[in-house]
Amino acid sequence: MHYEQARELLQSLVGTAVGGTNPIAEVTLPRDRWVSVARFARETLGCGFFAFSTAIDWQADGLEVVARVENLDAPFAVMLRTRLGPGETTCPSLVPVYRGADWMERECFDMFGITFEGHPDLRRILLDDDWQGHPLLKSYAVDTPYPPYR
Amino acid sequence: MASRNDSLTAATPPAGAPARAIREIDYTGSERLTMNMGPQHPSSHGVFRAVLTLEGETVVGVDAVIGYLHRCHEKLGESLTYVQYPSIASKTDYVAAMTSELAYVMAAERIGAIDIPRRAQYLRVLVAELQRIASHCLWLGTWCMDMGGALGGGATIFLYCIRERELVLDLFESLVGARLLYGFHQIGGVRYDLPAGWADQCRTTIDLIEKRVVEYEEMLDENTFFQMRTQGVGVISREVAETVGISGPLLRGSGVPFDIRRADPYCSYEDFAFAVPTEEAGDCFARYRVRMAEFRQATAIVRQILDGLPEGPISSRPGVKSVVQVRIPKGETYARVEGPRGEVGCYLVSDGGPKPYRMKWRGASFSNLAVLPHIIPGHSVADVVAIMGSVDPVFGEVDR
Amino acid sequence: MQRGHFWREAGQLGWSVYHAMRVTLVNLFRTPVTVHYPDIERAYPDRYRGLLALTYHPETGEENCIGCRLCEFVCPPQVIKVEMLKAEKRNFAKVFTLELYACEFCELCVQVCPTDAIIMTKSFDLATTDRRDMLLDKDRLHALGQRLTPSWATGNRLRDMQAPPKKAKAEPAAKAVAPPSAAEPTAAAPKGDAPAGSGGAR
Amino acid sequence: MVLSPLVTAAIAGFILLNAIVGLVTYVTLLERKFAARMQSRIGPYRVGPHGLLQPIADALKLMMKEDIVPTAADRPVFNLAPVVFLVPCLLIFATIPFAPNLGVADLNIGVLFFLAVSSMEIVGLFMAGWGSNNKYALISAMRAVNQIISYDLPFIFAALVPVLLTGSMRLSDIAAAQDGLWFVFYPVLGQLAFLAFMIAAVAAENRVPFDILEAESELVAGFRVEYSGMKFALIQLGEYAHVLGTSFLGALLFLGAWAGPGPIWIGPVWFLLKALGLFLMLTWIRWSFVRIRVDQILAVSWQLLLPATLILIVATAVVVVWGG
């Protein structure tokens, strides 16, 4: 599997333009194709390596979830992105496809409050269970008071 | 920091209970014992809590609880400027501070398409490789201490390793002025040039360290006790290794010859000749072998740099004079560095201002540690510490 | 242990015991690398980043700080507070406080200082039982600067070292504001750099 | 006036006990200094010249520390355990003759008494582990029972080789029998028995590489994790007394006890030096290896050491009966 080959396959699957330059292919997906394309990336493109997944808070434009998976033999990487839309906080989970998504998505839930549907064990990972708010949202000020600690 | 089966906190006696009430630990007839390892535990390598479910001495379930060292570095990164953050970035992975700084400045430079002078690139590689030596020294020492005890041979190896690590830190101290958290990199280059006589000192140090690595191997490589503890313990298959996303020596110990320095060269790594040591077994011993081989590769790279260090400026931009001096155009990128523990990545989104819009640390230890729940069940308590030590987590980087 | 492997394993065991104990025995006769710290101090390199201090002009006794607040802005943990006092010839710092207990010793304040007023010293030794002792004001910072050996780095020297190729020309470091007894930039030689006690083990 | 034997024994016991306690405290300093030099450190240095007063400072510190009893502990068992642990460890010195006719009680079953009493420490150890009501301590106590039972057998069998060669269980007889040839130099049998004795001794003393019951990286401090202050000191004292007692036994069984050049009154010094030599040997082993796992330790004992020592005893018996 080469980068060019993978790019073509990805292009034919998702239909939309595939961005990025060698060795990265970037695709923006609708939310309902999030898991299926990730599965395609793993099984057909050989992207077995789960680098990371995270989210970006675009304030009024809503949240964007990003995941990067990689084919270590080629090597090339596929960057998957999806927009959740304003006010939306649910996203399908990648845990059935990639084990590494487990902790990454828990962190995402912890920091952004995104609920990953299908995640087997979605709880806070870095912050305490009784923490209020999700710190990496842009609406969360750096000096937000929190009763037990401030 | 949540845990599912924490029977101790759940059974806190009510306020009005008599002072010496004996708290009955819930016994439901199963022969399972819940044991809390950490957050304060001699082998937790920082503050890590593993809630182990034991059957006899065999672990049947593990719940890893992290976050005790969480400082929300990503929020910090969004509130500090490109000038300020590199010296804070070193606090994510405080054992190998040079690499996380490098990942951050590389991400910013990539968005801004900033060229780095050749000398600065070589200096970056130089400190990264020295840092790898220092970090592996600490890993070997603490790991052996996990297995050998603070009152036994483990402590001996630990102190030997610390002795050698100190020599590398001496080098950093005369280069930068600090021993642990450096602030060596800045956007556009590096902040410090080599002082006079430093290269010779560096050469003698790495010569000595190579000799000492032979000593460690003499103590451990053929050692029956050590092999009994490490061979066949904590086997990570290639499939698990990839899908969890572990990287660095762990991935290479599982038979994947993937090294970012080779696959996606940065900072002119392509100029240097080095091997990517790989082992097939995937157990603790394989990881040990990989790291011991990396000692040698690192010293070889350091020698090549010292031999071929070009003259010239160390930064393509004038030295920092104010806090908002560096502005990065709009864009986003993911820059990654092969740190001692694996892929240290920085995902940076810039909106054109002096501060990143969003910054994500992909900590190598975070992903590496996530493999623990997949491999620990079935091993005994003694193996848990051996496996954890072989993963080499640094909790500053796990919790960020 | 299988039968066939018994002698091989026993041999390996003996071999490993011999090797491990040989290494520890060799180290038994090496000189210890640790030093008795308060009695013996190791040599600190010239660039050592230690306690912060304010410099004063050696002849006129005037403070070098002009209260420009650059260090306050750049400080990542925000431990520096400066208030400017405007005067006709030059400005001064009316208030300069540094909360050393939160300082990270990143040297960014030294790096940005236009007049080399704030420097670092080759000492880390300010253990105290009272947190308020770590709140350094102008007088304390001045006293530290007089008591302790300054390290090599000053703002101008750092910026000179980092200067890109085009601008490599003038020598602004020759200004009179340089702190006393600092070594030459190129002669930041770390020959006495190793800790005194570790020499024997090399 | 002739003192009754009981009074003599009491006085001798008193003197010996104090001497042993003093020796044990300084043996800890010896080990610390030795280990420190092995690890490129200096070791205790501040208290007294070259840290010579360090053991005394440690003892004072431990006496002044607060004695903490966990709320959930089984109080009587918890409090009694250090004493039950310490007494057998000190009692083993009773039968050791330090010179001809210089000992508290030269029993005719000296070896048997020593071995029997020394394995009594397991009772105190298990009490400590159980009474603490701590999971680490409990696991440690379980391991301790496993390990000490497994290693006392090879330990006894190895010690029986000199007994067979002498034909007496009285320790002074064994010492006297080595007048010409120390048993460690006895062809083949002596070296093998000594080797087995040393391995079993390391395990019986719970020292690295067999220290699974303290195993501070897994079980924090094992059975004594909840102890503090003087109780901790008693356990520590007992442990070192046991190590020292075993060193004395080894020196007596294999290294000819007080035999050595010089006049007869210098014999005890030779004996002490040999015992300290063995102690340093144990220390050297301790600071050179990593620990192995509990199942591996048991496997080593039952699959290797026990059969080997059994064969050794049979071989010794054959040599004694037919070899003359």
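When the chains are written out, they are named A, B, C and D in that same order, and each has its own residue count from 1.
In the analysis below, a contact is a pair of C-beta atoms (placed from the backbone, for glycine too) under 8 Å apart; a residue touches a chain by one contact, two chains touch by 3 or more.
What you see is a predicted model; the values in this text were computed from it and never measured.
Enquirer: State the chain with the largest centre-to-centre distance from subunit D, centres being mean CA positions.
Expert: It is A whose centre lies farthest from that of subunit D.
Enquirer: Any idea which chain sits dead centre by C-alpha averages?
Expert: Of all chains shown, the one whose C-alpha centre lies nearest the global C-alpha mean is B.
Enquirer: Quick check: more C-beta contact pairs in A-B or B-C?
Expert: It is B-C, judged by the count of C-beta pairs in contact.
Enquirer: Could you give the separation in Å between the centres of subunit A and subunit D, each centre being the mean of its C-alpha atoms?
Expert: Using C-alpha averages as centres, the distance is 60 Å.
Enquirer: Using mean CA coordinates as chain centres, what's the gap between subunit B and subunit C in Å?
Expert: Whole-Å distance between the two chain centres: 24.
Enquirer: Take the average of all CA coordinates in subunit A, do the same for subunit C, and state the distance between these two points in whole angstrom.
Expert: The mean C-alpha positions of subunit A and subunit C differ by 42 Å.
Enquirer: Can you list the residues of subunit C that touch 2 or more other chains?
Expert: Touching at least two other chains: 20, 23-24, 27, 33, 201.
Enquirer: Could you list which residues of subunit B touch at least two other chains?
Expert: In subunit B, residues 153, 156, 160, 163, 219, 223, 225-226 touch at least two other chains, as defined above.
Enquirer: For this structure, give each pair of chains that are touching.
Expert: Going through each pair of chains, those in contact are A-B, B-C, B-D, C-D.
Enquirer: Spell out the residues on subunit C that touch subunit D in their complex, using ranges where they run on.
Expert: Interface residues on subunit C, with respect to subunit D: 1, 17, 20-21, 23-25, 27-28, 30-34, 36, 201.
Enquirer: Quick one: which bits of subunit B touch subunit C in the complex? Just the residue numbers, please.
Expert: By the definition above, subunit B touches subunit C via 80, 83-85, 87-88, 117, 153, 156, 160, 163, 166-167, 170, 173-178, 181, 183, 186, 188-193, 195-198, 201, 204, 208, 215, 218-219, 222-226, 312-323.
Enquirer: Please give the residue numbers of subunit C that touch subunit B in the complex, ascending.
Expert: Against subunit B, subunit C makes touches at 9, 12-13, 15-16, 19-20, 22-24, 26-27, 33, 44-49, 70, 73-76, 104-108, 111-112, 114, 120, 151, 153, 158-165, 167-168, 186-191, 193-195, 198, 201-202.
Enquirer: Tell me, which parts of subunit A touch subunit B in their complex?
Expert: 23-24, 42, 48-52, 54, 56-57, 66, 68, 72, 75, 79, 97-100, 102-104, 111, 121, 123-129, 135-136, 140, 142
Enquirer: Using the touch definition up top, name the residues of subunit B that touch subunit A in the complex.
Expert: Residues of subunit B touching subunit A: 1-2, 4, 66-67, 70, 72, 74-75, 78-79, 239-240, 242-245, 251, 256, 258, 263-264, 334, 336, 343, 345, 347, 349, 357-358, 360, 362, 366-367, 370, 374, 399-400.
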